[in-house]
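Everything below concerns the one structure shown next.
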Amino acid sequence: MLGTGLLKGLKTTLRAFFSRPVTIMYPYERAEIGNRGQGLIKLRVTSIDPIIYKCTGCGICEKNCPQRCIEVIKKEGEKQPEIYTVNYGLCMFCRICIDVCPFNALEMTQDSEHIGYGRQDFIWEKEKLAMKSIYIIEEKAPSAGDAGEAGS
Amino acid sequence: MEIINYGYKKINNRDVIETIRPKAEETGVAVKFSEFKDQLFCGIDAADIKKFCSLLNSDPALSFEYIKFLTAVDYVEYIEMVYCLYSFKNNWSIIIKAKLDGQEPVVDSITSIYRGADWHEREMAEMFGIDIKGHPNLKNLLLAGDEDGFPLRKNFEIKWEEREYVPPEKFE
Amino acid sequence: MYEENEILLDDLPKDYMEVNFGPHHPSTHGVFRFIAKIDGERIIDIDPVIGYLHRGIEKIAENRTYMQFKPLVDRLDYTGALNNELCYCLAVEKLMDIEAPPRAQAIRVICAELNRIAAHLIFFGAMGLETGAFTPLLFGFLDRETILNIFEIMAGGRLTFNYITIGGVREDIPPAVRTYFDKFKKEFPVKLKRYEELITGNEIFIKRLKNVGILKKEDLFNWGASGPVLRGSGVKFDIRKVEPYSGYEKYDFDIPVGTNGDVYDRYLVRMEEIKQSMRIVAQALDNLPSGDFTAKVPRVIKPPEGEVYVRNEGTKGEVGFYIVSKGDKNPYRLKIRTPSFSHINMLNFAASGNYIADAIVILGSFDTVMGSCDR
Amino acid sequence: MVWWSILLWALLKLVIAFLFIFITALILIWMLRKIMGHMQYRRGPRHHGPHGIWQTVFDTIKLLGKEDIIPSGVDRWTFIWAPMIIFVPSLMAFVFLPFAEKIVATNIEISLFFILAIMGLSIIALLMAGWGSNNKYALLGGVRSAAQMMSYEIPMLISAMGVVMMSGSMNLSEIVRAQQHIWYIVPQLVGFFIFGCASLAEINSTPFDIPEAESEIVSGFNVEYSGFRFAAFFLAEFVNLFIVCALAALLFLGGWLPFTNPVYGTIFFLAKTYVLIFAVMWVKSTFPRFRIDQFMNFGWKVLLPLSLANLFVTGVIVLMVDKFRGV
């Protein structure tokens, strides 16, 4: 009969109306990211207080990066790179630097929440690359009213 | 709508060459076949591209109706046009190559035979500076047209330049 | 009956209104603009203008090594990124005579087919949006989320991955993918039936799509169309069947073929392809061969001199890479053949003469992605 | 009554009516976003107040606070006055809308006739907006909405006439009282269907939202508007939705029937209206949109003859019933 398609469509949306919504409230609840997630790249560190990096400043990752967003400067005779900056404005998280690094001094974390107000906020120096990202904001849980509703 | 499952015929280039060579001789097209990793290449000179393509397209036995792609490669001394055709009826595919002069490449358009080649040719014209005669509307397709030189040529050097923003004068 | 000097109605000079469906338009599938000459509601002529998303990928390819260029290939058809990667890697492997081990081939087939389902779900949402229903988009993205979670566990990324490498796959497939996919396999057919109820059977939807933008076989060959657009008009041609690559001949699946080549048939073909891709992934996951997941590949990839053209069945049609290599690290010339380029080339032929609403729906039925059209 | 007290009383009524309209529009916008959200497996607005109640209030404040951009090259007079004019028919319709037994602003003999006539006025505002904003999309949207309103005005009126014939009077309160023993939706089911489709078209709701078709002409006539002018169009659309559903409730579902005392009557009448509004929103979030020519065919070749047939059949039955009762 002519109207069956229309009525079935209405039945579908009505069923959706009475079933649980699937959206999560992003800043308060977070979907978990798989352990292979492509997040920000971190420099591995062997000891903390006199910061010693595993990286020896050889510059292989700088040559192999397709977007040329890594910059490594090292003085001769030094074991550590003097300047090691990654420009996240250009980086496309392709993990080639992690693959080609002979000393596996780089690792990929899962934290992808980084905001900056200008291009210079996206150029990270050595120190910032070594620390755990300080930008994950521990937001307080939604007010009681919402939480009850969110749970239903 | 019906849902079907069908096998595939393995093509061998032998019989493709056999069928094409006599027909090409008839229409007077010098044809030089070669194979590389089970792909059939066919070198012809630039003048009779149009004749050869219309032969391949119109001949019922060959019926190469489908054009996969059309591109050009800049080997500095000469520019090589590459046409890749495919025939649905007998699952044949052939790559036609034609050498053009390096400085002023000129070729005549096959848009009249394969309508699909229209944009490919426009792109080759603006990227390589090939003068394609007989093309319906040969204007810029992908580029803005204000580059100096042709981007995909080997002599096009990429330079980083700071272009300051020139605000347009008042809208008329 | 008429005196000579009487002016017949259609001799009057007609100037049509030029409406600019600009680069920033809700239903042009990305940054694409077409200038339409319209006479009232009917479109007389369409002049597509592309190039807004032109990044010059082919020129960049000449200055990158083969490994460095691989992540850029995802940015072509960003809804079906893994199909592009697979085609690029197969082309380079054909140049270097490397054969991926059977396990890697199976993992690649799983990636490609899951990506096809995700791309078709986007098409389903966009087609609903084009005809005016807002809900299918949300339904489509809801189910695409489970596939993206599978990709996140397996490949790391959600839209662009850099997961398929030359010679195999970057990392082995984790066992969690099996459990995720089983849950997906149980729930998804129920939801797919719900889509049929919501939109496919809807009379208004059928009225909007049936007998609209009918394309015959000969014209499609001539214009170089491929993929679901070709199969919608009754052409039995699927590259996975005609030139099987990466082990597709091992799986048994069917090819949906439309009958009268209108927008509704192209829609049904794509919805049926989702079911077929589910079958392929299920078979691939069931008998996943063991063994290592990458072949032995030299650290610096220098393919021998020669040129090769490899084509795959991408999500939108035939994706092909024509690589000319002169033996050094960078490819000498790399031409990317994408389906959207030919489909938009055909837009004026297919859509002029219809109403504005039909032209938008016909453009939607080509399912073009501007990344792969502009390169 | 001294003249100034009459003026004061009328002013008070006007303020009450305007407040009621404003609050209903806000509730309807919030309701639409919530219902459409839940129908798509997502929640509607959540952040401002429990279940996002204050969301639309903040939206309105934002819209009113926005800069009032009048694009250059615009036909100033029509552009500026279009949003004002579109509000007039919506407000004037409330003058004659009865909420309960005695609760009606002014009870005149032909209140249904007046409301239906006033509803037709909003065509002028849409055309002014379409032409005034000097934008091809807006012009297309304006002309489409004019064509749509005109072609769906007639089936709407004729289907309403079926009810008038059965109840014998044009006064809405009389019509409601005449539905004592049976609601008119039962005998006039076809009339209800036609009235529903035609009113959906009047308020540009989804199967018929051709004038503001996002996918083709980017929300038609209100393309160039921003700030409080866009808010005017937006609110007018939802006020029209309320009026049309209230009218359908009065004509076919027997407005406040079982409860004659004013308080329960109003509540029951509003409940029926909101049920119909839920149905409209339910349709809005499910159906795709007609094409312009199918839409015209449906209007002229299906709805019009159907409503004429309905009118004829109702007339014959009413006459036979009257002869049978020997009136």
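Think of it as A, B, C and D in the order they're written, each chain with its own count starting at 1.
One rule holds for everything that comes next: contacts are C-beta pairs under 8 Å (C-beta built on N, C-alpha and C of every residue); 3 or more make two chains touch, one makes a residue touch a chain.
Predicted model only: the values in this text are computed from it and were never measured.
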Contact-count maximum falls on chain pair B-C
Computing the C-alpha centre of each chain, which chain sits at the greatest distance from chain A?
D
Averaging only over C-alpha atoms, locate the centres of chain A and chain B and give their separation in whole Å.
43
Could you work out how far the Cα centre of chain A sits from that of chain C, in whole Å?
28
Suppose each chain is reduced to the average of its Cα coordinates; what separation in Å results between chain A and chain D?
50
Touching at least two other chains at once: which residues of chain A meet that condition?
6, 9, 12-13, 16, 22
Where chain D touches two or more other chains, by residue
39-42, 285-287
Chains grouped in pairs wherever the two touch, ordered by label
A-C, A-D, B-C, C-D
Which positions of chain C touch chain B when the two form their complex?
50-51, 54, 56, 58-59, 63, 94-95, 218-219, 221-225, 235-237, 241-244, 249, 252-259, 265, 268-269, 272, 276, 306-309, 311, 318, 320, 322, 324, 332-333, 335, 337, 341-342, 345-346, 349, 374-375
Parts of chain A lying in touch with chain C, wherever the complex brings them together
2-6, 8-9, 11-13, 15-16, 22, 33-38, 64-66, 92-96
Sort out for me which residues of chain A touch chain D in the complex.
6, 9-10, 12-14, 16-17, 19, 21-23, 25, 145-146, 149
Which bits of chain C are touching chain A when the two form their complex?
64-65, 67-72, 135, 139, 142, 149, 152-157, 160, 162, 170-171, 194, 197-199, 201-206
Mind listing the chain B positions that touch chain C in their complex?
1-8, 36-37, 39, 65-69, 71, 73-74, 82, 84, 88, 91, 95, 114-120, 140-144, 151-152, 156, 158
